[in-house]
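Some structures to go through are shown next.
Consider the two complexes below, in which subunit A is the common component and subunit B and subunit C are the respective partners.
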Partner chain A sequence: MGTFTHYLTVREEQSQFRVTVERATPLEAIREALDHALDLRYSPILPAYLSPGAVPAAPPVLEAITFYFARRPYQVLGRLRPELTQNERDCVFFTEGLASILVVNATAARSAKLRDEVGCDMEHWTLRDGVLNRDEIMIHRAAVNSAGLTLNLSATGDDTIDVYVEQIAASITTLWSFYNAYLPSECHTLSQLLELTRQLVSRHALLRTGDPTMETLRQRNAIVSALVELSASLSYSVTQGTTGGAPILGNRSPFPHHSLLGVAGAVRALTNFTRYLEAAFRTRSASALIQKQYATKKAQMPGRISTYDSGASYSFAMRPEEFEQGGEFSATNTVPLLTHFSLRHGFKEAKFSITAASESLTAECLPAWTLMTLSHEIMHSRVRDIFQSLFGTTWGVDDAADRWDVFFRNFADWYRKPETAVPVDQGLRNVILNFCCATERATILPERSKESDLDVTRDDLFRNFIKHRRLAGEYVVHFHDYYFAYARQPKLYVMSLWASWTTVAAPVARPMEYVVRTLVTIACGTGAPSRDAFKGAIEQLTDGIDALEAAGITSPLFVELRRIVKVDSEKAFALFKPAYYLIDQVRQNFASPSIAALIDRLETDPFAEGSTVAQEYAASIYVYGEQDKPVSPIRYSLAALVRQLSAEQPVHDLQWLTAWNSLVISSQEVGA
Partner chain B sequence: MITLDCILDIICTEAYEYGGIPEVPDHKHGAPQNYSAAKRDARGVVAEDRRSYSTSVPALRYDLELLQEADGTLRWVE
Partner chain C sequence: MIRTDFSNQPYVAEVLRSPAGDAVVRSVERLIVGKWESQIVDDVTIYHGLTASTVPFHRVTRNVRFEGVDISLPRTKTVRNRLHYLYDLLLVRRDRHIVVAVPFHGLATDVFVRIDRELAGTRTLYETLDITKLVIRLGAEGHARLSESELVVTRCHLAFEDSAERRRDIDQVRLTGANLGASTIYRDLVRPVLEPSVAQRVTPILLGCALYGGGVRRSGATTDRHGNFKITIGPGLRQVTRLFQLIDAIEGMSNDLASTTSNIPILQSQTIAGAD
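Entry: the complex of A and B
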């Protein structure tokens, strides 16, 4: 809430709709609606054309509202601006909904002329004394050239599965029609999910044909779990992505604070952000490289965590990178992640979806809710792919128990003779298992244990992996996020992490883990001996925390963090060492300058001017989109985060800035 | 960025590693056991109790340990 944000409200009164604009807060409208038991819908609307240092003019008395369903509103604002008088510019607003731009008090003829300029669907309301009658709603829709989708699913006769088949088919049907009209690029996502569902159902049917065993029962349960998860994600996509379309009054959003226009524009921003990273990573598939290149190439991998001290070969200066060797490894037939907001899950990755915290709809411009956190979640998907390639089994072979016998033998042979060169995929697996075993042994002892107590069986190894893979995975994710999304800027990464972690329960519950995660990530790529890398990382960490506090971001967590690095530094270093060992090997084998360059796109981004340094990114709220100058969602979000962290916001209105960032990102064409 | 085949195989792997328990919390079959551990996945400590079928491979003497020296410093030894 702030002085720039207005709220378009509609109260239903005896088959008529009273339309008003509230300034700064919708609470008065809510109070009145409650007092009189009226149906109230509203959404924030934000003035589109600001002047530096000036508070936007208040909207005039409402006589008409025109909604434009522009897919690229940032560019549309750029195209419209020269066509409008200053009075008209004061009446242009943008939103987080599907009706991304609205113009107040334009006549029907003027609205139609602007629609020709903008080239999108339009809905026009004529108001009489602030009241709208349904028969004075005018809708202009362009004919949609819809392609059909063949439903290759049918009832299976298994009641449980059929429930999910119907749910998924119904959601895809709703989304297919809607995406054809408003978001055609996402039709591919739906056809992939339909094919995935078909294959899951078919696999489940196959498992039912043989004699049931505990193993096949587990597999069937895993498939049912996947179908539930997929169905739930699709439901989110339907309720968030398809509401707010024309006719607006017939498409109410389930988000109470966006009930009039919905949040489909903001969801499109999340989708673009995700597709942008997916497209970059698709150019070089980690799993293809592991299976074809790393399985055949041998290397010596360090096996002794106790004496591990990094070295020059782990430095970011090392060229050429291992991951860039060996020709083309692009990924085909991928399944894009569904994206939506979730209050319950916050920022989270799952197999089929990515969620952003619902708070990001209102306060994305606060560090706690920045879209940059989404990059961390998307990296989880990349790491899921890597872990499957290193440790997973397949339906085709289905030999997980035998595989783990082999994994154990390989690990044991290598641990006994770590100087032996092994295939890189095996080496990476050994390194992760070594980290998991070390984490299991991270209990402080006064003296050495009996030798017989040190044995690790095949089942112990598997158990250690299951128990500590989450932490191992977090380090692999941190590397990817730091390297690809944050362009290896340690202070910025520290500030971003800790500004957001002040609002998350886990870092408060387990501060030591999060301190070590930070230190290890920013130490990665230095190639420095462990103790030196640790000390250097502490300096960077405390610098970052000092800068946060200087920008007014404070937390008791920071006091605890300083205590840990000062008083508990020996314990922190003990945990740092195995993690530093792990992240060094990940850095050496997964750094990819070619993917990083695709994410940065410094040559074409109009605001980057060739620099990866976030502080030099020149995005301005007074500049509007141009047709052929794509903005990198990552660089844009990072630059916005830098302004947040340095308390240099261009306007003091959370909702306005949040919606603006969303508008810019939602307007980019990505993933091609 | 994950291929369709790979996602299918991930589900096969999960059947072995987690016995079919859902990944996402708040489902009737996968209620979280405590909040902080369960945000990332619903499986929690249940996963630790999974046992494999094979125990025929001899054990490894994995001798890495974390020791506290007399002066209070910590040292990994192996």
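Entry: the complex of A and C
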């Protein structure tokens, strides 16, 4: 809520609709609706054309409203701008809904002329004394050239499975018709999900045919849980993505604070953000590379964490990166992640979906709810692929006993003679297992351990892996996030992490783990000896926290963090060392300049100024989209975050800034 | 003859394309104190006026003798009991092509936005030059021989990005001179622009060019990626009238070098502010 945000409200009164615009807060309208038991719908609307230093003019008395269902509203605002007089510009608003642009008090003829310019569906309301009658709603829809989709699913006879088959098929049917009209780029996602569902159902049927074993039971349960997740995610997509379409009054949104126009525009922004990263990563599939290249190429991997001291070969030094070697390894048949908002889950990643906190609809420009957190969740998906390629290849068999026998033998042989070259995939697996074992016994020792103390049994190894694989995964994710999304900007990364972690329970519960995670990530790629890297990282961490406090972001967590690096630094170093060892090997084998270049988009991004440095990014809220000048959602979000972290927001209205960032990202063509 | 008050320094300019013609001149006149003073040189009309600001953008006050009278620059005027400083506003027109220029960047961020508001609804657009393509067209020599003149690079700001290493050993390089292409340093630095690689990307973010004819510098301008220009006015305003020749020369090299934008360039300016 702020001075730039207005709320378009519609109250139903005896089959008429009273339409008003509330300034700054909808609470008065809510109070009145409650007092009189009226049905109230409303959505925030935001002035589109701002001038530096000027508060936008208040909306005039409503006589008409035209809604434009523009798929690329940021570009539409750029295209319309020279056509509009200053009075008209003051009457243009944008929204987070499917009706992404709204013009107040344009005549039907003028609205139609602008629609020709914009080229999208339109709904026009003529109001009489602020009242709308249904017969005064005019809708213009462009003809949709929809292709059909073949439903290759049928009832299996298994009641449990058939429930999900029907739910998934029904959701896809709803989305298919809707996406054809409003989001054609996502039709491909639907057909891939349908095919995935078919494969899961077939596999489940196959598993039912043989004698049931614990192994097949585990696999069947994994498939059922995958179907549940798919069905739930598709259901979210239906409720969040398809409401707010024309006719607006017939498509109420389930979000109470966006009940009139919905949040489909913001969902499109999430989807674009996700597809953008997916498209970059698809150019070089980590799992394909592991299975085809790293399985055949041998390399020596360091084995003694206690004496590990990094070195020049781990720094970001000039040489071809290992991940870039070999032929083409583009990913085929990857299933895109479904993306939506969730108040309950917040930012979370699952096998087929990721969620953003619902707070990001209102306060995305606050560090706790920045879209940059979504990049971390998307990296989880990439890292999930990497772990699956290293530790298992099929549903639910990553803990299979015979597989673990092999992993243990390989590990034990290598651990005894780490100077032996092993296939890189095996080496990486050994490194992860070595990290898990070292983390399990990471304490400050009065004297050096005996060699025999370091021996692990098969069961120890398995137990250590199960216990610490989550943490290992987090380090791999941190590397990806730091290298690809944050372009290796340590202070910025520290500030971003800790500004958002102040509102999360886990860092408060386990501050040591989160301090070490930060230190290891920003030490990555320095190539410095462990102790030096640790000290350097502490300095950068402290700098980042000081900068946050200077910008007014404070937390008792920061006091604890300073205590840890001062008083408990040896304990932190004991945990730092194995993690530093792990992240160095990950850096050496997963850094990819070609993917980074696709994410940065320096050549085409109009704001990049040839640099990934977030402070140099020239985005401005007074600049509108243009054809053939695609913006990198990552660089754009990062720059928005930096402005927040340095208390340099262009306007003091969270909702306005949030919706604007969403509008820009939702308008990008991605996935090429 | 028109005399500007700050001709000893570069002016910040935008190049507009407007179908509105005389209406543009009339609209912008609302932003000056009094009426335009105009002068026609060949096919170019120069309009000059003084725009009032309560903000002092100048660093020093200069005393000059003009037509036998001592005056202080900038001139001042008290409006509604508030002291206003009067700064040059130049509008140079050739058909649909219009250049507006003021002497200070801070002043430009205010005046150019107000000009845009005055011209709202007239389908006025701003011209931008693709400086990466221009650097490529000018080649390692930073030079192009045209029919009656010669185009040379006089300023080049390059941004370096090392995507292979994600290191920032070098961020930017700034070169200025009378003819950069004559030096081997320029050739070495722009090579990655001419032969791009994934590992290291070099992006021109500011480019200055000068038009020479008969061995004499006829006109010069510096521009960024967004359509902001810095131009030399010169006491006789000859350089500014020849600005169109410079733009013509650049556009004549290739038809994909110039384009238009509806965005106000000065609101995207970061590098042009420091290009003095």
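Methods note: the second predicted complex is superposed on the first by the 651 of 672 C-alpha atoms of A that agree within 3 Å, B and C clash if a C-alpha of one lies under 4 Å from a C-alpha of the other, contacts with A are read in each partner's own complex, and residues count from 1 in each chain.
The definition used in the following text is that a residue touches a chain if its C-beta (ideal position, glycine included) is under 8 Å from a C-beta of that chain, and two chains touch if they have at least 3 such contacts.
Predicted model, so just to flag it, every value in this text is computed and none were measured.
Placing subunit B and subunit C on a common subunit A by superposition gives a fit, with no clash between them. In the superposition on chain A, contact of A:Ala438 is made with subunit B only, not with subunit C. Of the two partner chains placed by superposition, only subunit C is touched by A:Ser594; subunit B is not.
In the overlay built on the shared chain, the residue A:Lys351 is in contact with subunit B alone; subunit C does not reach it.
Of the two partner chains placed around the shared chain by superposition, subunit C is the only one that A:Pro82 touches, whereas subunit B remains out of contact.
In the overlay built on the shared chain, the residue A:Pro184 is in contact with neither subunit B nor subunit C. Looking at the shared chain after the overlay, A:Phe391 reaches subunit B, while subunit C stays out of its contact range.
With both complexes placed on chain A, subunit A has more residues touched by B than by the other of subunit B and subunit C.
Between subunit B and subunit C in the chain A overlay, the least Cα distance found is 21 Å. Listed in rising order, the residues of subunit A touching subunit B in the complex are 192, 195-196, 199-200, 203, 215, 217-226, 228-229, 232, 277-278, 281-282, 285, 287, 304-306, 331-335, 344-346, 348, 350-352, 381-382, 384-385, 388-389, 391-395, 398, 400-402, 404-405, 408-409, 411-412, 415-416, 437-438, 441-449, 451, 454-463, 466-467, 470, 505-506, 509-510, 570-571, 573-574, 577-578. Taken in their complex, subunit B has these residues touching subunit A: 1-24, 26-27, 29-30, 35-36, 39-41, 47-48, 50-57, 59-68, 72-78.
Subunit C contributes residues 109, 113, 117, 120-125, 132, 158-161, 163-168, 171-172, 196, 198-199, 201-205, 225-226, 261-264, 267-271 to its touches with subunit A in the complex. Across the complex, subunit C is touched by residues 51-52, 78-79, 81-86, 88-89, 316-318, 321, 483, 487-488, 525, 591, 593-594, 596-597, 600, 602-603, 606-613, 616, 618, 620, 622-624, 626 of subunit A.
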